[in-house]
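As written, the chain order gives the labels A, B, C and D, with residue 1 at the start of each chain.
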Amino acid sequence: MLMTAKEYTDSLRRLKLNLYLLGEKVDNWVDNPIIRPSINAIAMTYKLAHESQNEALATADSIIAGKKVNKFNALFESTDDLVKKVKLQRLLGQRTACCFQRCVGMDGINAVFSTTYEIDQKHGTDYHQRFREWLKYVQENDLCISGAMTDVKGDRGVAPSEQADPDMFVHIVERKNDGVIIRGAKAHQTGTANSHEMLIMPTLRMREADKDYAVSCAIPTDAEGVTLVYGRQSCDTRKLEEGDIDVGNYNFGGQEVLVVLDDVFVPWDRVFMCGEIDFSIMLVERFAAYHRQSYGGCKAGIGDVLIGATASAADYNGIRRAAHIRDKLGEMIHLAETIHACGLACSYEGWKTTAGNYQVNTLLANVCKLNVTRFPYELCRLAEDIAGGLLVTTPSEKDFRHPVIGKYLQKYLRGIPDVPTETRYRMLTLIHAMSFGLVAPSYRTESMHGAGSPQAQKIMIERETDMELKQKLARSIAGIDERENVLA
Amino acid sequence: MLMTAKEYTDSLRRLKLNLYLLGEKVDNWVDNPIIRPSINAIAMTYKLAHESQNEALATADSIIAGKKVNKFNALFESTDDLVKKVKLQRLLGQRTACCFQRCVGMDGINAVFSTTYEIDQKHGTDYHQRFREWLKYVQENDLCISGAMTDVKGDRGVAPSEQADPDMFVHIVERKNDGVIIRGAKAHQTGTANSHEMLIMPTLRMREADKDYAVSCAIPTDAEGVTLVYGRQSCDTRKLEEGDIDVGNYNFGGQEVLVVLDDVFVPWDRVFMCGEIDFSIMLVERFAAYHRQSYGGCKAGIGDVLIGATASAADYNGIRRAAHIRDKLGEMIHLAETIHACGLACSYEGWKTTAGNYQVNTLLANVCKLNVTRFPYELCRLAEDIAGGLLVTTPSEKDFRHPVIGKYLQKYLRGIPDVPTETRYRMLTLIHAMSFGLVAPSYRTESMHGAGSPQAQKIMIERETDMELKQKLARSIAGIDERENVLA
Amino acid sequence: MLMTAKEYTDSLRRLKLNLYLLGEKVDNWVDNPIIRPSINAIAMTYKLAHESQNEALATADSIIAGKKVNKFNALFESTDDLVKKVKLQRLLGQRTACCFQRCVGMDGINAVFSTTYEIDQKHGTDYHQRFREWLKYVQENDLCISGAMTDVKGDRGVAPSEQADPDMFVHIVERKNDGVIIRGAKAHQTGTANSHEMLIMPTLRMREADKDYAVSCAIPTDAEGVTLVYGRQSCDTRKLEEGDIDVGNYNFGGQEVLVVLDDVFVPWDRVFMCGEIDFSIMLVERFAAYHRQSYGGCKAGIGDVLIGATASAADYNGIRRAAHIRDKLGEMIHLAETIHACGLACSYEGWKTTAGNYQVNTLLANVCKLNVTRFPYELCRLAEDIAGGLLVTTPSEKDFRHPVIGKYLQKYLRGIPDVPTETRYRMLTLIHAMSFGLVAPSYRTESMHGAGSPQAQKIMIERETDMELKQKLARSIAGIDERENVLA
Amino acid sequence: MLMTAKEYTDSLRRLKLNLYLLGEKVDNWVDNPIIRPSINAIAMTYKLAHESQNEALATADSIIAGKKVNKFNALFESTDDLVKKVKLQRLLGQRTACCFQRCVGMDGINAVFSTTYEIDQKHGTDYHQRFREWLKYVQENDLCISGAMTDVKGDRGVAPSEQADPDMFVHIVERKNDGVIIRGAKAHQTGTANSHEMLIMPTLRMREADKDYAVSCAIPTDAEGVTLVYGRQSCDTRKLEEGDIDVGNYNFGGQEVLVVLDDVFVPWDRVFMCGEIDFSIMLVERFAAYHRQSYGGCKAGIGDVLIGATASAADYNGIRRAAHIRDKLGEMIHLAETIHACGLACSYEGWKTTAGNYQVNTLLANVCKLNVTRFPYELCRLAEDIAGGLLVTTPSEKDFRHPVIGKYLQKYLRGIPDVPTETRYRMLTLIHAMSFGLVAPSYRTESMHGAGSPQAQKIMIERETDMELKQKLARSIAGIDERENVLA
């Protein structure tokens, strides 16, 4: 069953989330104007599966469910599947101009799939079969899954088991006959308050003492003991105002939630790792590699919208053909395409896991992400350069609609004569949303910290490189080792 | 008379501004929570004049008023005065962590002073004497002056007189016996709705047909025909919420206003340029040079706060001594100090105008500003890197105060054990304010476009360079021209 | 027939090149110590074809010759072929640490192949068949082909036919019954004085008046009327000195030659374009796209050697594990891999031409090359940072071998005790060769200008982007066009 | 006595240097074509002292000698003296287009002057008086002094006294009645083989066990036991060829020498530090600060020549007015002026030492130098971009003069018609010299490592910043500490 966007949205109404926003418990969260855009963004992932021209990207044939399923719940069964993922993400970035939040689940599914297989091989456990069952259920019901990895972490210099407060990383507080009880919190969760289930994973390498922290499992987002607190976003309350302009991106938006797990029970058939500290880092790194690939899709797509908006702002100012404007727009395109090229390359160069699904090239995925921690910032800077100061000084939509001063704004905020002032104003608020406002966390901070901060990528790049080979090459050329005899 | 901060604030109550904000006319604008922080920021310029340890920077002996006046109303009578200006600006940036808005007036005063002198020399007019009288009045009453240069400009490819709408640049619509009537609008005006007077200046080079657009004059901010429309800022309505944390910088903020001049009468003794198109660009460039210098002060000072906040965030995460954190903090300092070094250099290398006040070195002032269009963005990026994702995902203050979920946030958003969660939360909202929120327009966009966009600096740098000398040097070294005989 | 490296080298002895070097005609150019390393570099392309582990990359089955041929003479018959090309280039960069010069021919062959097909389709000519015959001959004899595109150009602001000297672009000076006579010069020709034949191509878009300049053909490198003048390279005469250290890369090197064509006769069966100005730019751009892809291979491979050498230099100084050294090495890897990722991406995303061979994705190939104009420079800068000042202050090999002072150098230029001084010295001269010396033109300047200067890539990136789509996306999100109804 | 350039050059002939170059002892080193350009560069510092228009920069009134002395031997007696130093350095960079080598002595003189004063204050020694006597002798005879700080260092991870070979840092091997005997080697010494004396200083912080390594003293460059080995430079032997073009900068050049001190005797009156480990780092840091300032002068001046050469190359290609060329030239100017602005700023902000001479602002001097480790590289990259590939492919001067092929080069390497080919060729070889050849070590590597590598600057920037103040500012703004009441 492939849900439509509407079916997905309606399905959320059946969830009894324990969700707080701006200091209040929200009951009808589906229609809440602050939350709704983030639901719409995920809904787009359902919509595309029904568009004939995009179906090939947005769906996949599942060997698990034995039918066509949404791409976001599918395993990557080839490098081509990995490439399609990145292209789908670019498309969705273009259509929503924000984080569409469902990738964490997709990446988590694939990482847990291959890791559980290898745990079972070594430890004789049956996590993989449990996971396949759960995944089948997810695919068949076309559920939206929120991947949950990042713990709140407390003191970054101290291991999970050594924190002053033992709950700074999610952990098992009790093992029972029928399941486990977990406690802790997951931070910066994109797309939890619009998902049906959470797939919980550990967040870093574990040592012996951290045994209870090596836990992966699935729980409904409205399970007992779960509390969600909605994060503030820049300019969030503009969504509560009348009008549709000042918010910049009226329809779509991201979402980050703090998920508190206050003694949540998880039955055994939903537990996929339970103390296997030797596999914690494998799960983390496989997930991270996938998710670092992801940014080579979505951030290029969001960039496309920003580039288009910026070019339009230049049009409206009458300076689009000026050499320095063209040069800067060209640079913006160059940076967005570099990101995408890295996303494609790590996909094409993927490899098959023992479990049978495909993993991206780890080195190139990290290279992709490290570029993502830099280039969207420069894209925003260039957009601000071209858009001009009005980006941050334009009055409110209410002023534009005002009987007395509205005419002043209409008159004086016009650019070239044949473009209505409101058109220019709308384009500027979109750019504002992307560089300062509601989309900025999606486009900037998520690019920085999503799937790990830049230092994490630097470390992986160092580790994934065969430096010994490089040094051997240098020694041979330098004549320290014997030089190659090309005629031999 | 040097007003205290309180006297200044009270003095504003006597102004009858015609001011609109978020679609409504604001009567008690002095106490309006959105506007008040920008008044406080200017008030700080008054406060410093009374602090014994800062008096030397914040005041100056005026040859015009014959007494000590506020630095912001003073002429630069030496290069040392120019240096003090930059140091004062850094101090104010440190104390307010935002744009304190009064520099445009100071820079305008000095530019009009020297330009009027030269107009009179050439054209036999008496603008300079008029201006001295007005300046004496300003100094004696310690008024706050808003410099008003940037027109709304319409189609950027077309001269003022050729615009479809002739009002896209402020111009004289009528010359009368007792004065002139002007019409148009000035955009992005920092600090108009907290100033007593505006000093109007033209915004670009004029040609013969633009004669009516070459106008400089002074008007009260509440003159008849003046309408002010307050610009939206990122997260502006957080100031209307309960609590003091989410706004990030509770006390201080910038302000940008659209100033509409709908047939405003200006008596002759307040008119300082009226049709002298040959001096329009001189006035613009002298002002611009001063103002490009200014950013070498204020943006370094705001940067100091951001660096301090970022280092603190790293402290609270327990990772301050990590090598990559230290390296990035070092880079932030390096960038902020490079800006300041350029601000200092163009000041020390200033020159005396015919009128007797001092102008900064134009080339170095443009170099300063061009760096400012780049480095604060990188400072923000590095701050985001170090601060971590919580920067954009932390819930609201109301959530922190909430009886049910408050305890979760207290528990889970803690960093190292010995720092209260609220401390960490406050520091993160400050960084948020500077990179996304209320201060971000001051720190980012103003750095980009204030005193002219980067392309304007590129053009000036090209023009101010003696390329012929450089080519001559190269020709001599290369032996194209005769080589220098060092022994001769 | 696949020649061995030795057979190739010997085959060159049969060519009667008219070659000048440092002011003298060189007869035994094959054994000339300045020229020989560039022959060795090409010889490596022959050697790899015989290595079992690299044969899959270094050879291809040709539909033209009906047998296995050297990859450098093969058509790209799939995207996989394009990918293999880039991987082969990286391998060769690693094995030679310099430009191996044979790619221009390979890229030219593929561009002329598809362009002649389309010329024939439109104009009813038979260029394509002629070209296939010539290519078959080339493949069967395993010849080395030098692609020759870049004209000397004279005044860059003026078209070929409008130059003061009509010979600034290669052109037809006479059409005869049996062929054409051409005149002009091709500059910066990598690998002509070690190739058997040249494949001549036009260098830019032509207009009606430039008809005689739209010429493509093949000639032997020792044809009558051809004069080759060997370009100087940094530190070229170190190859004439005793010893093998100071040259840095003793075995391998690039080569650039000025090719003067002083009325060279070309028979019709070797003429592949003759006046079809409407196809000049197609040929140029197809060649350029291939060649911009190429740099995503070779420059990454050369970078590998530089990274390995730099890491070794840090080892020898005892500081390899210092955080700042690791960070900079990580950055070097990141930059080299970003280039390679772009090279891979444009290959995987290739497309089939009408003629049947495959062309790379033009946009991504240009993105690849634009990064190449930047990153090798930063790699060199970082290498210099880590290697230390000794890089440019170390004495000569003769000093090291000197009976009196040799012992001082042995003693004082040692790094960590367990690495011989000479080892350290050799590694430093290698880095020197790559950033200043014999390899620097290959690694730096060629990265900048090979396959077109950065501005050419900027223009192509602008042109290859669907900006209208991007603007449409932005208009929809901004609500200027109708917003997408996600639930519809 | 102020020597003329000729007198200086002649005075060198009286020195009996024990100097090796390319494996041979050089007797007439003054007229050696490889060495002479570096003598000419220093001679320029003598010449300027006699030029009326530059005398104010190039000389100073000495309180020690009681007369006018060469600036390079003078104490900085005011911040104005510091500023003049930087301006003189820019001028010399413009006139020589290379390192003029005499700054190390000037900076060493000033650092030893103030440090000896403070040693004496603490330890009751009489180093300062000895130093004044020596300095008086130097000033009166207008000697050229080579500052000698950088030891060869061996294993960078190990202290001087813990090295496997105790001679890796210069140290005292014997204390005698009449003086000390020192052993070791100083590396990368700019301008020793054209100086009369060396001023030896320690290179890093010392600990108790390193007592013998804390030594500063003066020795003649031809003292018994001193051996100089001339470092290779890129393209050094071009100076031995006929013709004057290929070398790029025919008249001037830098010089780096390895100085071996094989048991050199130093009488007590020339010993200025002998075991005072507590002052070693002060001396190092004071010297380093001066020398980091220096680069804000010379590298800007050399940059001026490179900019002029690059603009000329664009002229000769007929593309100087193209927007992208102007933009890149503007960027080059911007970068060079940023360096200079930092050099000026740290000078103007200098401070008076206890001994009475002036020290630069340490923080800003380090900021200056850190920019210098980056910007000249980008200047070279942009120069290469604009100059075009011919930069590294142009044949030799001998080819240009050749009776047969000379005419081809004249014809085909011409740019715009009205500029002779040789003019273009000369300009390209100058750019080549600066980015690859003889000047490149001066302009690139010295910018990186001279006065300490970039990491040294990062550490100093961190240390010189008042981070506690910045954090306090942030805490106040954030409301963690009490917020400032602006009305109070």
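Throughout what follows, contacts are C-beta pairs under 8 Å (C-beta built on N, C-alpha and C of every residue); 3 or more make two chains touch, one makes a residue touch a chain.
The structure presented is a predicted model; accordingly, all values stated were derived computationally and were not measured.
Peer 1: With contacts counted as defined, which of the two, B-C or C-D, has more C-beta pairs across the interface?
Peer 2: C-D
Peer 1: Would you kindly say which chain has the C-alpha centre located farthest from the C-alpha centre of chain A?
Peer 2: Here the answer is chain D, farthest from chain A.
Peer 1: Could you give the separation in Å between the centres of chain B and chain D, each centre being the mean of its C-alpha atoms?
Peer 2: Each chain's C-alpha centroid was found; their separation is 39 Å.
Peer 1: Measure off the straight-line distance from the CA centroid of chain B to the CA centroid of chain C, and report it in whole Å.
Peer 2: 51
Peer 1: Nearest whole angstrom, what separates the Cα centre of chain C from the Cα centre of chain D?
Peer 2: For chain C versus chain D, the centre distance works out to 38 Å.
Peer 1: Scan chain A for residues touching two or more other chains and write them down.
Peer 2: Those would be 324, 327, 458.
Peer 1: Please name which positions on chain A make contact with chain C in the complex.
Peer 2: The contact residues of chain A facing chain C are 5-6, 9, 40, 43-44, 47, 83, 94-97, 244-245, 248-252, 304-309, 311-312, 315, 326-327, 329-331, 333-334, 337-338, 340-342, 344-346, 348-349, 363-364, 367-368, 370-371, 423, 426-427, 429-430, 458-459, 461-462, 465, 467, 469-475, 477-480, 483-484, 486-487.
Peer 1: Once bound in the complex, which stretches of chain B touch chain A?
Peer 2: It is residues 20, 22-25, 150, 152, 154-158, 164-165, 167-168, 185, 187-188, 227, 229-235, 237-238, 246, 256-258, 260, 262, 317-319, 324, 373-374, 377-378, 380-381, 384-385, 388-399, 401-402, 404-405, 408-409, 411-417, 432, 436-437, 440-441, 444-446, 448-450, 453-455, 458 of chain B that touch chain A.
Peer 1: Mind listing the chain C positions that touch chain B in their complex?
Peer 2: 323-324, 327
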